[in-house]
Structure formats: structure tokens, C-alpha cells
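Chain IDs A, B, C, D and E follow the sequence of writing; residue 1 opens each chain.
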Amino acid sequence: MTFASRVGGGAGSECQIRSTSETVLETEDLTKDFAGFIAVRSVNLRVRRGAIHAVIGPNGAGKTTCFNLLSKFLNPTRGRIVFDGRDITALTPAEVARLGLVRSFQISAVFPHLTVLENVRVALQRRRGGSFDFWRSKRVLRAFDERANALLADVGLLPYANIPAGQLPYGRKRALEIATTIALDPQMLLLDEPTSGMAREDIERISTLIKALAVDRTVLMVEHNISVIANLCDRITVLSRGEILAEGDYQTVSADPAVREAYLGTGHD
Amino acid sequence: MFEIFGVPSQALFGQLLIGLINGSFYALLSLGLAVIFGMLNVINFTHGAQYMMGAFAAYLLLQYLGLNYWVALVVVPLLVGASGMLVERLFLQYVRQLDHLYGLILTFGLALVIEGLFRNYFGSSGEPYQPPDLLQGGQNLGFMFLPNYRAWVIVFSLVVCFVTWFVIERTRLGSYLRAATENPALVRAFGINVPRMVTLTYGFGVGLAALAGVMAAPIYNVSPQMGSDVIIVVFAVVVIGGMGSILGAIITGFALGIIEGLTKVFFPEASSTVIFVIMAIVLLIRPTGLFGRTA
Amino acid sequence: MTERTMAERTMTERTMVEMPALLVVEALQAWYGESHILHGVTFDVRAGEVVTLLGRNGAGKTTTLKSIMGMVERRTGAVRLDGRELIRLSSDAIARAGIAICPEERGIFASLNVQENLLLPPQLRPGGLDLAQIFQLFPNLRERFSSQGTKLSGGEQQMLAIARILRTGARLLLLDEPTEGLAPVIIQQIGRTIGALKAQGFTILLVEQNFHFAATIADRYYVMEHGRIIDRFSNNELEANMSKLHEYLGV
Amino acid sequence: MAASVAPPAPQARVDRAHGAGTAIAFCIMVALLAVAPFVVYPVFLMQALCFALFACAFNLLVGYAGLLSFGHALFFGWASYLCAHAAKRWGFPPEAAVLFGTASAGVLGAAAGFLAIRRQGIYFAMITLALAQMMYFVALRAPFTGGEDGIQDVPRGRLFGLFDLSHEMTMYVFVLVMVIAGFLFIYRVINSPFGEVLKAIRENEPRAISLGYRTERYKLVAFVLSATFAGLAGALKALVFQLASLTDVYWTMSGEVVLMTLVGGLGTIFGPVVGAFLIVAMETYLAQLGQWVLVIQGAIFVVCVLVFRRGIVGELARALRVSL
Amino acid sequence: MRVAASLAFALAAIFANAAQAQNPIPVKIGVLTDMSSLYADDTGPGSVAAAKLAIQDFNPAAHGMKVDLVVADHQNKPDVGASIARQWFDVDHVDMIVDVPNSAVALAVSDVTRQKNKVFLVSGAAISDLTGPKCSPNTIHWTYDTWMLANGTGKSVVKTGGKTWFFITADYAFGHALQRDTSAVVEANGGKVLGSVNVPLNNQDFSSFLLQAQQSKAQIIGLANAGGDTINSIKQGAEFGITAGGQHFAGLLVFLPDVEALGLKAAQGLVLTETFYWDMNDATRAWTKRWQVSRPGKFPSMNQAGVYSATLHYLKAVAALKSAADGKAVVAEMKKLPTNDPLFGKGMIRADGRKIHPAYLFQVKSPAESKYPGDDYILKATIPADEAFRPMSQDNCPLVNAAK
């Protein structure tokens, strides 16, 4: 496990002293009640620093709700969220992101009329400051181009740098979204189905990328693709109907009969 | 007789009753606007002009065909509603899927055209229209003299509001409408001709505006600008009630009529501004209006 | 799989099953706005069959159902029901021709109660089930008759979504992931219901990610990827194709 | 499936190409405006220029931050009143009066924006409308605004004590310089690091939040900037006509600026200018037609929505494949 | 493309006006009025028709003059009015502007006219400040004003027994001025003002205010408002049994077209003051017939008659001076010449710019009394010219003080 306080590439980067506690994200009795429908029920989740942690479960199991709670896009009905030793239950989504807990979205979230490069730059800009400078030319943002291009190269989007992001095919939008997320150099990433809808070669690229990322970060991801999970993840939490059904590494979880039943259906093999 | 804030209680009862009468018009107009918004997702700025058309249609029927108020009450909403359906087919169907802004501008443009044409033909002073003989005169209620016609306005608009609410909330036809508001594509896939339903709904909403126009003709001056004077207020009523909420439009319409009436006693100069004050407060406290579904 | 083996298999199936196709989809293409989703989908469903479309997220399964139903912005190709071409019809006309859809996420209307949801689709053709028959299939719905639609549990909502299209008289039902997010017991119940419907003569085109569930009820399978059909097999070929299927679906 | 991919061009080159089109259009605009007063009546031009700036300020908010304000008359009209009052009653020189009006609009913008940005879409529009109508009421009742007579006979004064603005041409040059400066400043805001964030928020606010942007602050800054420049336009108009009146604070003025921007092209640099000139020209030169003005205006809006949804400049930019 | 087209249009409009034959004395008259809104029926197209009749009756060719007429709609916005006036004077070589209903617009136009040294003849606007503190050597206030209305209606109503008053006042400067002037007249003649209520402009429903008026038990409800507001007040007053209950309306600013719009049934009994009525004598009737050629079915208001009278007198003055160039000189000449026309009879213009003629107190007929279309008024009293308008001594007009 790496406890490095990594210096992000390019100019103007900042150093973060990260505390060295084992657990980076922890929830306590996390519950979300949508007017009678309990989407997430008393979830106690613990994510180790530096881990690639997957949350899996059938559709409707509460995975996305859980993500929305962790990133504070939803407020929990009950419970507590602690990130990096700090209680973030009462923070706004932007504040959580600024602490270094950054999410991606299930449906590809890009800025469609900005170019691919600009998409990444918007994220770099947040980290590097000057975002309120309405009196300066955006040419100052060119300072970020090198880093942005490097990120695009990582996800295989360099050839598309100057086309509007909205024109990318679905899979590439997902790749762009991940590049944008990484641009923030977050301490922890929440990836909501990063490989869904991708062609096989893209999936491999993204898997490799996530693996590289996790060298000095924590990744919590929702994923359907079992082979991706098997390859990547150190730890798996299985959600079903809003509750944690099982937890452990791939072997443990895949052997669990309850998981097989819930996740694969009433299988007969 | 006791006093409330220096105003005799009897006077206050009168003002409350008058507020209720004005509220009837707000309720009828905002009801139509809410029905249209709910179903078409269009903010119908032409509503005021269609209300004015209703009043003028009543006047013209009397003037040129000798058809009285009671006939107008039935015929005018049908005629003006039909013209609305034409508007929906010719224009609105192309903007329904777009941002609200476009529907707003389009209907605003139509309102200008209609108002301009009426000013050209009828001038701006307006035309007289007498209440029907049956409803001439009034009752002395002790605290005020209530013209029979005004009493009729309250009763009739309550009935119309109730019937509309009932049809939309309690009948099979209404369930089509509500379902199509939520997910028109699916309702269409169930075999219901949604575009035709949308056209009819717009016609119905416009018919309600025209009905309000007929009812207004004997009270207010029948003039081309009567619609543009009232549209912004009605618009505010719908927003306060919650966009697209039928019940919200009705209740808010009556309630704001009363609040406006009270303002006319305590701070008359502000009576046309009070609605905006309420709108600002409501929107700051409840983002989607009093009866709107929270997103 | 090569074109040739697919063609061969089609031949054998045709000689095995002499039933005419109820639904024929040929070279179906569909677009949402600028994005081209279906790139020529061809398959058929014979009367009385349960056919399942398998495939990953984003493969175009749901779009295929919606395209059959006329619920996409633009589509080309051919969709024939009992020999009648539907490609130019609007979705309400397609519904009247005898197809009904149970959409993904169930499409229960929040502003309608159970009764209104159930009675919403009009009876368009003779031969639909009556309320008594529906309550026989879904006893829960009778108890929750006047609850608000979205207050039902997920399973009940799914039952309601299926139940309401049984009244219309449609013979072909398009079911989009009816097991999504449901508990195993409920899934079993839905499986039994689909079996019962098949027995009553309904033809069913099913979209599923859960092929273990599909395996319990389907007669044939088509596998989709990137807006095309990439493979097909019948239920008795399932075991033999299991490993390939795992790879297709990435599970 | 393969998207039509342009060969990878260095970002700098693209910026320059994009900038060149805008620069050419800008030069044409300035050249036209420099020649115009010798051909067209200067007061008409000044009026159109004020509205052009107003529409540009409004467009900054709706076109680039995605916030449709239906109460911008509040800033335009109040800056107009306060500038007129400062010039007439307090004897401020014109530059100070304009500055005072503009700054007041900024303060009003901060207050109104603080309340309004908490809401979105149609509700944002309605809150701004409500606030503007409340301030209309204040303008109607406040003693210094002169009710429906307005503040009349406002002195234009001498700019920096040197240039006598009562000369039409001097005034024109002053207005032209101020409007061009405002236009350039707004252009800079749109193409600044801040402008990039604003566009990102307009495109996908949840995503911007998830990147850690406290979007409400950006929206507020955009609102204040927009209000300030709307104020500058209003203050200039007060000097041009030597009059500040209720017309400029009424909701119809807010509607008018929406229409100018829409007709010209929402979210385009030059659209609001073109829209403003067109609508002002229409109102001026169709005035003889009486009631038909309403009909013609209405018809233009209908046609615009049905046929030129991107506005004149938007459609032109699309046809020429440039960004204007 | 469309920008270019509109510019071309603008250019064409400007050059067309510049290139005109210069031989006869050129005079250009601009009717600046409300063509589309509140006052369009009281002024508007009817004023244009009246101005045309005046030019026709004057016969410019016989005086070696060539008279052109332009028309514009000020939309009741002071800024629009001022900008049109400016453009007319600067670009279109207009020499005189006439009519201009709406006091706010009239005040703005008066400022511009003085700056450009042209002529402004007010017929449509009411505010008496135009010959008071805001008087101008370039402006003549022709037909009526708030003081005259207040005095005419107020005094005679009090004298005929209407001692207690309640005002329903349009909540803007003109309404307040009318209420202020009328209250002064009422109190000076021994009457009493019991209360008033300020009503926002373009209010649809007056019943609440009428109820307040009713509860005040005042004998007279003074309507210090105009146009649609007045019409709605009276219409709803009839409905709520105001007149039936013994109270009476005094319309402080009511024109014949308003009465027509109300219908006699609602308006009957209303007392009002005007300076012109179409059915006064043969001359007015003959003129009305000619006017009706372009306004079929309508009857002229005093504003429209005033436009005729003012334009005619202006042309006489220009003919005498043989030039329209110097506005102050023309106005001075107009003040020097006695006025005489078939509509207002003989009269004069005072140093402060006030046109002086008699005023008439009318009462609206009941439907039964009305014999033919337009037969709306009974003449109750004639206020002689020297009493009808505010004496110059009370004017506070700087022009008069300077002259002293």
C-alpha cells in the first residue's frame, strides 16, 4: 500500500499531506429513505486506503443511491460518512469534491459543447486556481494543455482533443469522464460503472488505467463486468436491496451462495 | 360592529367577498394555464389574448347575431377553443419538446399579433356588454350590496373548477391526461393517440380562458388590452401554486384574489405588486411552488 | 460465429418448427438524435414463442424493443406483424395493430393509483384478459387496488406493469428486463407468470441481462452487441453455448 | 460509428483561427458604427447601442451561464434613474453619474442574484421577475423618480470637464466608446478562465459540482457582472435621452431584452448587438404604422421561434461554420 | 442580411425626406399621438384625420405654402415620444408637433421642442404644469387641462349640492394632480373631501375601491383617472348600485369616446366637463360629418377637435410670418393673432401659452333621452372663457414672471 503524498504532474501542482490511517472512507448506519422506499439501509462500509474496492449488486440494489450519498448529491436520512478522518455528512457536494473525494456518473457526464481538451482543462483549472479570473484571457489556460494532453493520451483520446465532447461515441465519453476525474488528482475516486457500454478494447484500456491510478489513490467503483472486477478489485461489497449482503475478496464473494442467488438470479448451474 | 386594524369588520367581509370574486377569474385563468403547462409543457402566454377573444366573441355574437349571454357561455369556449386547437396544430406542436423559453416567446408573439389585430378593428376604448337580464340587480347582504351577476361568477367558476378537477383527477380520461403528462411516449405506445389528446387539451385550456372572458365581459370593459393586463398576474398565480398543479392553480387563484382584495383595503397602492411579493417569498421557501411536486 | 453457420442453423430451425413468424424484424436501424443506435437488426419471433434478447448494457436491446414499438425518433428497415408492415406507423397505431410493451423501469405512473394504472391502456382488440383473469394471475394487485402506483414494492410494480398490458388484446408482448432489481422469490414468481402467459397463447419478446432467469422460460435467444444481432441459439443449445455466452455478457 | 475526427490540431492554432473570425466581425462592426452617424440619425444609433450593450449583458447570463432572467429591467432601469438623479439633482459630471448608476446596478445585482440563484429554470426567471416588479413599485412610489413623468431634462454635462456632451456627435463618440468597451469586457469574461467554468456549469451543472466547483458562487459573479453592464447601458440611455422613466423598469423591458437576444442569437457574441439594432430599428421605423407594429413584432417572434431558432447570427454562424 | 435591409430602409426614409422641392414655404407637421393603446380612441387616428382637415381647410397652395404631415405612435412612453420628437426635428425637418396625449410624454416632448426651437401644440395631454412651472415659449396648451377639469366639474358639482367627495385616484402624477386640483376647488366652494384611494394603473377590478367609496357615504365619487380605468370604475359602479344608492360619479377626465364605450345605460347621469361637443351647433355638426368620412361610425372628442383648431391657427401664423423656421417667433405670432374657428369659436392665446375658450358642463343622457347615435350629452352650464382656465397670476410660469 502506498501512503505517498504524490505530486501531480505539470506546473502549479500542490502537495497534500495525507493522514496515514488505514481506513480512508467509512460509513456508519448509512440510510436513505425515499418517502417510504428504503433505497439504502444501514450500510456500514469501510474502504481501505489504496484499495480498489468494488460495489456490486443487481440493478436497483442501491449502488447508485449509495454513490450519491457518499458524494453528497443526496443527503442521508440517517447515518454518518467519514472521509479521511473528517465527518463529511453535512458538507455540500462541491466541498466533498474539494476534499479529494471525486465521483464519476453512471450516464456519461461530459460538457457536450466544450471540446475534449476543454473538458479536461476545466477540471485542471479547478485544482490550479484562477477560476474566478473573469478579466484574464482564457489563453492563460494553455498552461494546462500539456497536462491535459497527457491525460487524454492516457485514455486514448488525444486524437479527439479538439472536437466537441458531445460528438464522441458513448464509450469514449466514459473515457473522457475518467480523464476529467483524474485531472483533479483526487485522493479517492468514486467510479459509477466506468466500463459500461464500452467496447472490449476500451475496457482493457480503462482497466489498466484504473489499476495505474490506484497506485497512490483509493478507488471505489460500481461495476457489472465481473471480469473487470476479478482482475482489478481487492475487495468487493455486494449490495442487495439496499443492504450489504456480503463482503470480501473476489474468491470469497463469488463462492457465497447468497451472492450467487441475488446477483446471478435463480441460477441452476 | 368591531374593527380590524381600523377597518370595520363589515367592510372587511365585503372586501373578502370581492376578493373571492376576483379570485374566481384568477382561478379559471390559471386553471387553463396549468392544464396546458402540465400536458404540453408550454407556458401559454397567449392565454390573456384568448381570454380577451372570449369576451370579444361574446360581444360580437350579441352585436351581429343577437345571441345572448347564455348562448355565448356555451358557444364561445367552443369557438375560441377550436381556434386554440388550430394554433396548437400550426405552431405549438413544433416547440413542445424545446426549452420553455421558445414556447413562451412563440405564444407571446401570438398574443401580440392577436391583440394588434383586435386593436386595429375595435380600437382601444373597448365595447359595452350588459349582464343578462336574469342576473340584473343584486342582494343587500347588510355589509355590502352583492350584484347578482357577481354571485353567479363565484358559483359558476367554483363549479367549473370542480368539474375540471374532477375530470382530471377522478375520471378515466383524466388518468390518460395525467399519465401522458408523466410519460407521453409510453401512453402513446399503449395505443392512445397522444398528439390528438394534446391538441384537445390545449383547446380545452383555451376554452377555459374564453369562458373566463365571457364571464368577464359584463363586468370589465371589453377591450383588446384586457388580456395583457391580466396575464402576468395569472402567470404568477400558476407559479405560486406550482407549475402544472391543477389543485394548486385553483386554490392559489382564489387565495390570491382574497389577499389582493385585502391589500386593496390596507395598502391599495401595492395591490398590483403584492402578488409578486408573495411569489418571491413562496419561491424562496418552496422552490416548486405551494403545490408543485418537489423535484 | 460466421454468416454461414448462422444461415445453416436458420435452415434447420425452419425445418424443425413449422410455425409462421408472428413478428419479423429486418435490417432495423434506429437513431436518437445524432447517435445511431441500431445498425441493422434482423430476427423473428414465431407465434406462441418466448424469445429473449441478451446482451450487455448499451448493446441496443431496449432500443430494439422501442423501435419495434415506434418509440424512437427515427428508424428504417422493416417490422412486420403477421405480415403487416408497421415501420411507417406511429406507436399508437402499432399498439392498435396488436403489440404491447412493458418498459424498462416499469413505467408506473406516479400520479395514478393502481386501478388507474391497470385500466390505463385501452382495450384495442378482442381477446384481452379481463380483470378477473388478471387478478387470478396477480392476486396482490387486488389488495392494493387503490394505492398510489409508485407506493408499491418493486415486485408489485413489475406485476402491475405486466398486468396492465394484458387487457389490451395485444398478442405480442415486449417485456424489457422484468427481473431488474427484484428479489429472487419475486423473480421466480415472474417467471411462472410468463410461463402462464405463454400457455395462454401470448407471444413474448423479452430483454434480459439475467440469462439464468431467461433460461427458465425462453425458447430461443438472440445476442446483441453494438446495435447488431451477433448470435442466436435455441434453448436446447444453451448448455453448449454457455462459455461463449459468458464471454458475450462479460459475466 | 466512427465520428468524423479532425486531424489533431494544436489547441493554439484552433484558438487563433476562431479568434480571427471574431476579430474580422468585430472590425466590421466597429467600422460600420464609426461611419454610421454620418448616414443614420445618431440618437437612433445611440439608443440602439445602449440596447445592444444591455442585450450583451443579458446574454452573458442566459447564453453562457444558462440563467434566464426575466427581471433585467431592474438593473437597466434603476441605473438609469440613479444616473439621471446624480446628474440632475447632485450635479455629478457625466462620467461620475454613469459610474454611480453602473455601480448601483452591480449592488442591486448582488442582492437580487443572492436570492435568485438558489432557483433554476422557470423558477429562477419568476423570482427575477418578482424582484424586478417589486422594484418597479418602488420606482413608481419613490419621490425622487417622478412617477410616470420620470426624471426629465437630465443634463448631459461636460465629460471630464472637457467635452460638451450636448453635441450629438460628441455624445455619440462617448456612447460608442463606452459600449465597445463594455462589449469587449463581456467578450473577455466569456473567453476567460471564469467564462470556461461558466460554460461548464451551463452544460452540466452536476458534473461541475462533482469537479468541486461551488457553482452558486460562479453564477452569482456572472449575475453581478451581467447586472452591472445592464446598468451601464441604462445609465448611458438616461444621458442620451436626458430622461429616466418607468418604461425602463417595467417587465416589458425585461421581455424586450429577451427578444433582442433571441432574435439575434442566444449565446453568440454578436447576436445581441444585431438583435438590438433590428428591434430598435423596427420600433422606430414602424412607429407610423400604429397598431400594426404589434402584429408585425409578434409575427417576427413567431417566425423566429419556428424558423430561426438560433437567431440571426446563430444561423449565420452555422451557415458559415464559424463562431460569431 | 436583415440588418442591411433595415439600414437601407432607414437610409431611404431619411433621404426621401431631405430631397424636396423648395419653392413654396415648406411646413411639416407631426401628429405625435397614441395610435395603439389607452388613448388611441380619444386621440390617435381621429387626431390625424382632424389635422388633415385643418390643412385642407387652410388651403396651403393659396398661401404659397406646402404642408406635409407625418404621424407616429409614442406608445405612451416618454422616452419613445422624446426620441421621435428629436428625430423629427433633427432629421425629418418637422416644424410643429401636435396632440401628444399622456402628460408624461407631453412634458418630455415640450423639453425637446424648446431645445430645438420648434413648436409644440398640446391637445391630448391634461397636465396644467405645461402652462405653469413647466411652461415654454415654444409650447401652447390648446384644448383643456387638469385645472380646468377640476374647476369646471368640481365647482359646478359642489354648487349643485354635491358637498362631500371621495376620490378614486389613479396612482400616478396625473391622477394625483387632478385630485389635488379638484380637492382645492371643492373645499374653496364649501365642500368636503371625506377620503380617497390610490389605485394602481390598469387595474381591472374597481369593486373593492367602490365599496370603500360607498362606505365613506360621500355624495360624490370623483374619478381622478382616465381611459379604461374610468370606464371600468363607472361600469362597475353601476353594477354595485352606486348610483342607485344615491351617490354620483363625477368624471374628472371623461371623453365622448369613453361614454360611447361605456354605453349610456352605465354612464347615464355622469357629470363631466369638455370644451367641445360635436352636437353643439351647425358648424360643429358639419365639421363632424366631414371628419366621419375617415372615421365612420365614430364621434370626435375634444382632443381631436383641438388638433384641428390648433393646426389651423398655426398655419395662419406661419402664413403671416412666411416662415416656419423659428419656433419661438411662430408661437409669438400665434399669441398675437386672435383665434377663430368653427369648433371653438373666437378665442385667444395667453402669454403663458394657454389657449382660452369657454368650457361646458355636460351630463350624460339616459338611453331613453338619446335620440340618435352620438346623442349623449345634455348641456348643463357654460363656463365663460375668462373663468374656465387658471388665471395667469396663479400660474408660476417663468415666462410670465419674466415678462413682468
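Just so it is clear, contacts are C-beta pairs under 8 Å (C-beta built on N, C-alpha and C of every residue); 3 or more make two chains touch, one makes a residue touch a chain.
No experiment lies behind these values; they were computed from the predicted model shown.
Counting hops only between chains that touch, subunit A reaches subunit E in a minimum of 2. When the partners of subunit A are compared with those of subunit B, the chains appearing in both lists are C, D.
Using the mean of the Cα atoms as each chain's centre, the chain most removed from subunit A is E. Inter-chain spacing, taken between the CA centroids of subunit C and subunit D, is 54 Å. If you average the Cα atoms of subunit A and of subunit C, the two centres end up 34 Å apart.
Remark: subunit B and subunit C have CA centroids separated by 45 Å (rounded to whole angstrom). Computed centre separation for the pair subunit A/subunit D is 41 angstrom, with centres defined by C-alpha atoms. Of all residues in subunit E, those that touch two or more other chains are 36, 40, 44, 171. Subunit B has residues 116, 119, 269-270, 272-273 in contact with two or more other chains. The residues of subunit C that reach two or more other chains are 226, listed in rising order. Residues of subunit B touching subunit E in their complex: 8, 11, 14-15, 18-19, 21-22, 116, 119, 123-128, 130-131, 138, 144-145, 147, 149-150, 218-221, 223, 225-226, 229-230, 261, 264-265, 268-273. The touching residues of subunit D, when paired with subunit B in their complex, are 68, 115, 118-119, 121-123, 126-127, 129-131, 133-134, 136-137, 141, 251, 255, 258-259, 262, 291-302, 304-306, 309. For subunit E in complex with subunit B, the touching residues are 36-42, 44, 171, 197-200, 202-205, 207-209, 211-212, 214-215, 227-228, 231-232, 235-236, 239-241, 245, 257-258, 260-263, 265-266.
Partner subunit B is touched in their complex by these residues of subunit C: 69-71, 90-92, 94-96, 100-101, 103, 107, 109-112, 116-117, 119-122, 124, 165, 168. Only residues 71, 73, 92-95, 97-98, 102-105, 109-114, 117-118, 121-123, 125-126, 130-142, 145, 158-163, 167-169, 180-181, 184 of subunit A touch subunit D when the two sit together in their complex.
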